[in-house]
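You will see subunit A twice below: alongside subunit B first, and alongside subunit C after that.
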Partner chain A sequence: MRREAPQKLSDYGPLFFPATMLIVFFVVPFATMIAVSFFQRQQGGFYVPAFQFANYERFLSLFFANVLGFSLMLAVTVAICCVVLAVPFTYLLTRMRRKVQIVWLVALLSVLSLSEVIIGFAWSTLFSRTAGITNLLVMAGIMSEAKALLPSFGAVLTGMVYQAFPYTVLVLYPALVRLDPTLTEAARTLGASPIKAFFTVVVPALRNTITATLIMVFIFALGSYLLPQLLGRPQHWTLSVLITDQAIYQSNMPFAAAMAVFLVLVTLGLVALTVLAGRKGEAA
Partner chain B sequence: MSGLALNNVTKEFGTFTAVNNVELMVPHGTFVCMLGPSGCGKTTLLRMIAGLDLPTGGAIRLDGEDITHVPTHKRNLGMVFQSLALFPHLTVGENIAYPLRIRGVPKEDQKKRVDELLSMIHLSGYADRPVAKLSGGQRQRVAIARALSISPKLFLLDEPLSALDAKLREAMQVELRQLQQKLGITTIVVTHDQREAMTMADTVVVMKGGEIRQAASPIEIYRRPADTFVADFIGSTNLLEAEADGTGAVAVLGQPVSGVSLGAGVRKATLSIRPEDVHLTAPGNGALSGTVTFVRDLGGTIETFVDIAGRQLVAVSTPRARPDVTVGQPVGVVLLPDVCVVLAK
Partner chain C sequence: MTGALSKVYFFLIGLFLAAPMIVVAGVSVNAKQTLAFPPKGFSLSWYGEIFLNPEWRNALFASLTLAILSAALAVAIALPLAWFLWRRIAPWANIFQLLGIAPFTLPPVITALGLLTFWATTGFYGQPWTAVVSHAIFFVTLPLVTLSLGFTAIDRSLVEAAATMGADDKTIFRTVVLPLILPYIVSGYAFAFVLSLNEYIVAYMTVGFTMETLPIKIFNALRYGYTPTMASVTILFVATAAIIFSLVARFGDLPKLLGAMSSDDT
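Right, the complex of A and B next:
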């Protein structure tokens, strides 16, 4: 289909509403935050307009570098876990009967309707000593006595993967449904076992989709601040937790804003690198 | 015995029987075309030979070995799909090398074999192109080369040429047949195009309703069809009702004819006579009498439509033997006994 480029100002009409919403609810708050990040904090939780880099300078310390490093590592781990679990899962799902697919998709969507708070408390119960899943293992005779599995890194990771998994499946689903099923059949007739066919045909054919999904889950996980507090120790707290802490409990808006801006920049940089690496791989 | 043997192969989907008790022997090195209308079970049969579907009954043997439950990837076959199923993320060369790579063939040997196959399909120098940049005919060739790269025991093709335009399709039919003869590989093609089957096959297997109606050489199928379905499906034919009165006299469409026999004890049968075998003469002299209703002059052939007692009959002749008829004229139709095939009712 050929589309003509908009000629007159009125041709841009349909863009007016979304553009306004984007400006009012995204560009303006974000610009405000950037501005606040240069402001000067005053004792008592207020801040006055200024242009100083003190907030950013304070951020350049080993402590914050560690927190930033941990946040990125956690987000990358969550993204990889989600994709590694979701690609085979979604692939098998798309090969099922239509009715079964709908049941699974509805179940996944209902997980999305749960808030982070509910997910956090549900998992903290499941990982607890008194009412957790270890009691089931004791009953089954696998463990000798029940124990608490939290707070721990594993608990944080489990909660976040659980939260991000439905998104991952929903992003992968359309691409996998469209994948020609005869591709795997062809691979099988050419001598590949079903598992080999999956890794030599399905995964490489979906490389771009998988990269995009990794980026999406990574960014999604980077913003998580409740689960690390509910399920982890203080050393498992992400930058988002510290930002919340600074903004709400320490009333240091300029510093929180500076951290948020820095996080956005680092994220954008990483995404750009991934996209660039993907392009290079394609050219080769 | 070497070759592929299907013994009582059956496939049921719920209550529907897609393939019903198929018996077929494909000797080593032959080219078999499975031909039939859509839904006749030919593709299901091919998929069972490939191991992509499992039969619900019967056995499939390859060179005497029962392969009914051998998984697809261990059958060492090559298959070309209707959609071709070329891997979009691989180049032409990588596609062709895929079966070799999966089997762990060394890189240099892979490259040698790919070059060999590319020159066989007249695409030398295309190894590094992405498959998306090829034309339909070129993709077709790549799919064929990929299926042949391990020199498989069986070469299976599911409607391989249906995506090509008519001219290219005819050229590819000839090319495919020549390639098969050169390699001497046992080949099974599923098609609904009877011209394709006639061009390529040593044996044509005509299927309908999940059953084999006839399996024979193309010319045998054409000349000696086993039943009215085969006669009608392969080429065009005139099917005429014939009756015997028990004393040897035979009437076709109510008019007596001489020289035709329906066989001992048969009272009613159908005669199949190919349009090119219909001989038009002057009325009388023991010929069936009819009226010319239409003449279609196609340049290369002339089709004359004759109405006999309400039934339409077509005669095809070449311009050299142009019948001297005009529309509305009474005409005589001679049924030569040796070209009439008697088919049981």
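Right, the complex of A and C next:
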């Protein structure tokens, strides 16, 4: 049977349940969220001017700009760290025996699936005074006494790189698996060292993939909400933390919804960029 | 020379990935309720605590129930959709494929907030079943992507042969398609199951005040200080994920699954 267009109404049968579920439980909630962010704004504008003004003030305030700036900066840093670490790693991984690859893939998937709560707890233990790595440094005689390495920016960054690294590898993996091995072979035959071949042949050939991966990891890192709370100080809180905080603890749903809509717009803009980068990659 | 260099690199990455888990594993076997590494004494009692302490046992039970049901619902949504998209030419129906992938691509806090406003508006906020539906929608991407991949791997001439012999759509689906797609159903279910087990923000925003899943329980416990049970639960989670993904790798083609999965995401 070839693929054919649906003819009878009953041909649409299989679509009914998934379409209903996705519309009722994804499209409608999404629309509700957008409505809440808008409705209240008008409502506030008409009925509670003071509240409305305060809401706007907060959205455009220096505090909000700082949080947004910090979130973007943190996500960019995480994305760069992950890609720099993951490109050579994934490249070497794809050149390994299949069995070894599978072991690494299972390990990466296991770390990737870990709850942020668990990653946060594990790193806070590792960075703690009583059970942390500083104890090893003390034992080795490098440090005089153990100390806590958190809360700090470094701890947040480490935790987030830990969380995003497996994701980065898995995003890069398909492109690198398909990379033509004759490319590097040619470079090697012409006398380039493996490292030189990697930087002069592999990296340029993957330029678009790397750009797309940077953007995807950036979006992934933007979604982190627990690690900044568990490993950092309040000034290390990201937009995601702020949204949760507003929605749950401050009960300011319109403000939370407005921030979420803003975050969606940023994300969608970046997804569009990724698609564009991908198109260019195909054309090249 | 370069071989040695790449070995060192892999060792360092492996160490980075394993280090927190090694410390947590060490902490989890402390004899007393102290946060110490290397561990002082040896005891497996903190693992028993997960099952003996009613609070942790209830959280474990809640998480397992949620993961089993929501992964099943996610597959139930993804399977007919993937089947329809493969079987029919209906370009407009691709919008549902996009809707299925969107919740997972956006920052999770957005899906969580959308569902929170929705459940609050409809008056179901806090009901345990809302978490099942929320997780199913949030993770529907995973079975959808694995199943779409599975369908493209099916040889259409098999289905055509069955149709020529007079089998209708239902019979074809049951006797030809289902056996071929089963490994992809299993891996899609496994991915959704493990991620649902670990998910925090959506569960917290939808049922956080009425039900404690394990990640919520760990987070709540962290606020009141440290107990070694957190460490033992963490190791239990890591082990569960590793076992499930090993099984997926054992019975399926993991490199192929991942190769196609990530390229579908981009």
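We take it that the second predicted complex is superposed on the first by the 223 of 284 C-alpha atoms of A that agree within 3 Å, B and C clash if a C-alpha of one lies under 4 Å from a C-alpha of the other, contacts with A are read in each partner's own complex, and residues count from 1 in each chain.
The rule is short, and it goes like this: a residue touches a chain if its C-beta (ideal position, glycine included) is under 8 Å from a C-beta of that chain, and two chains touch if they have at least 3 such contacts.
Keep in mind it's a predicted model, so treat the numbers as computed, not measured.
Asks: First (subunit B), second (subunit C), both or neither: which does A:D180 touch?
Replies: first
Asks: For A:A205, using the defined touch cut-off, is the partner it touches subunit B, subunit C, both, or neither? Pick first, second, both or neither.
Replies: First partner only.
Asks: Classify the contacts of A:F89 with the two partner chains as first (subunit B alone), second (subunit C alone), both, or neither.
Replies: After superposing on A, A:F89 lies in contact with subunit C but is clear of subunit B.
Asks: With the two structures laid over each other on chain A, which partner does A:L68 touch: subunit B (first), subunit C (second), both, or neither?
Replies: In the superposed model, A:L68 contacts neither subunit B nor subunit C.
Asks: Name the chain, either subunit B or subunit C, that contacts more residues of subunit A.
Replies: C
Asks: Counting only touches as set out at the top, which of subunit B and subunit C does A:T189 meet: first, second, both, neither?
Replies: A:T189: touches subunit B, not subunit C.
Asks: Give me the intersection of subunit A's contacts with subunit B and its contacts with subunit C, in residue numbers.
Replies: Overlap of subunit B and subunit C footprints on subunit A: residues 193-194.
Asks: For subunit C, which residues are in contact with subunit A within the complex?
Replies: Those residues of subunit C that touch subunit A are 2, 6, 9-10, 13-14, 16-17, 19-21, 23-24, 26-27, 34-37, 76-78, 80-81, 83-84, 86-90, 93, 96, 99-100, 102-103, 105-118, 121, 133-134, 136-137, 140, 156, 159-160, 162-163, 172, 194-195, 198-201, 204-205, 208, 215-216, 218-219, 222, 230-231, 234, 237-238, 241-242, 245-246, 249, 254-255, 258-263, 265-266.
Asks: Applying the document's contact rule, which stretches of subunit A touch subunit C when the two form their complex?
Replies: Touch list, subunit A to subunit C: 1-6, 11-12, 14-19, 21-23, 25-30, 32-33, 36, 85, 88-89, 92, 98, 101-102, 105-111, 113-123, 125-126, 128, 130-133, 135, 162, 165-166, 170-171, 173-175, 177-178, 193-195, 212, 216, 219, 222-223, 225-226, 230, 240, 243-244, 247-248, 253, 256-257, 260, 263-264, 267, 271, 274, 278.
Asks: For subunit B, which residues are in contact with subunit A within the complex?
Replies: Of all residues in subunit B, those touching subunit A are 50-52, 71-73, 75-79, 81-83, 85, 87-90, 98-99, 101-103, 146-147, 150, 156.
Asks: Which residues of subunit A touch subunit B in their complex?
Replies: It comes out as residues 180, 182-183, 185-194, 196-197, 200-201, 204-205, 207.
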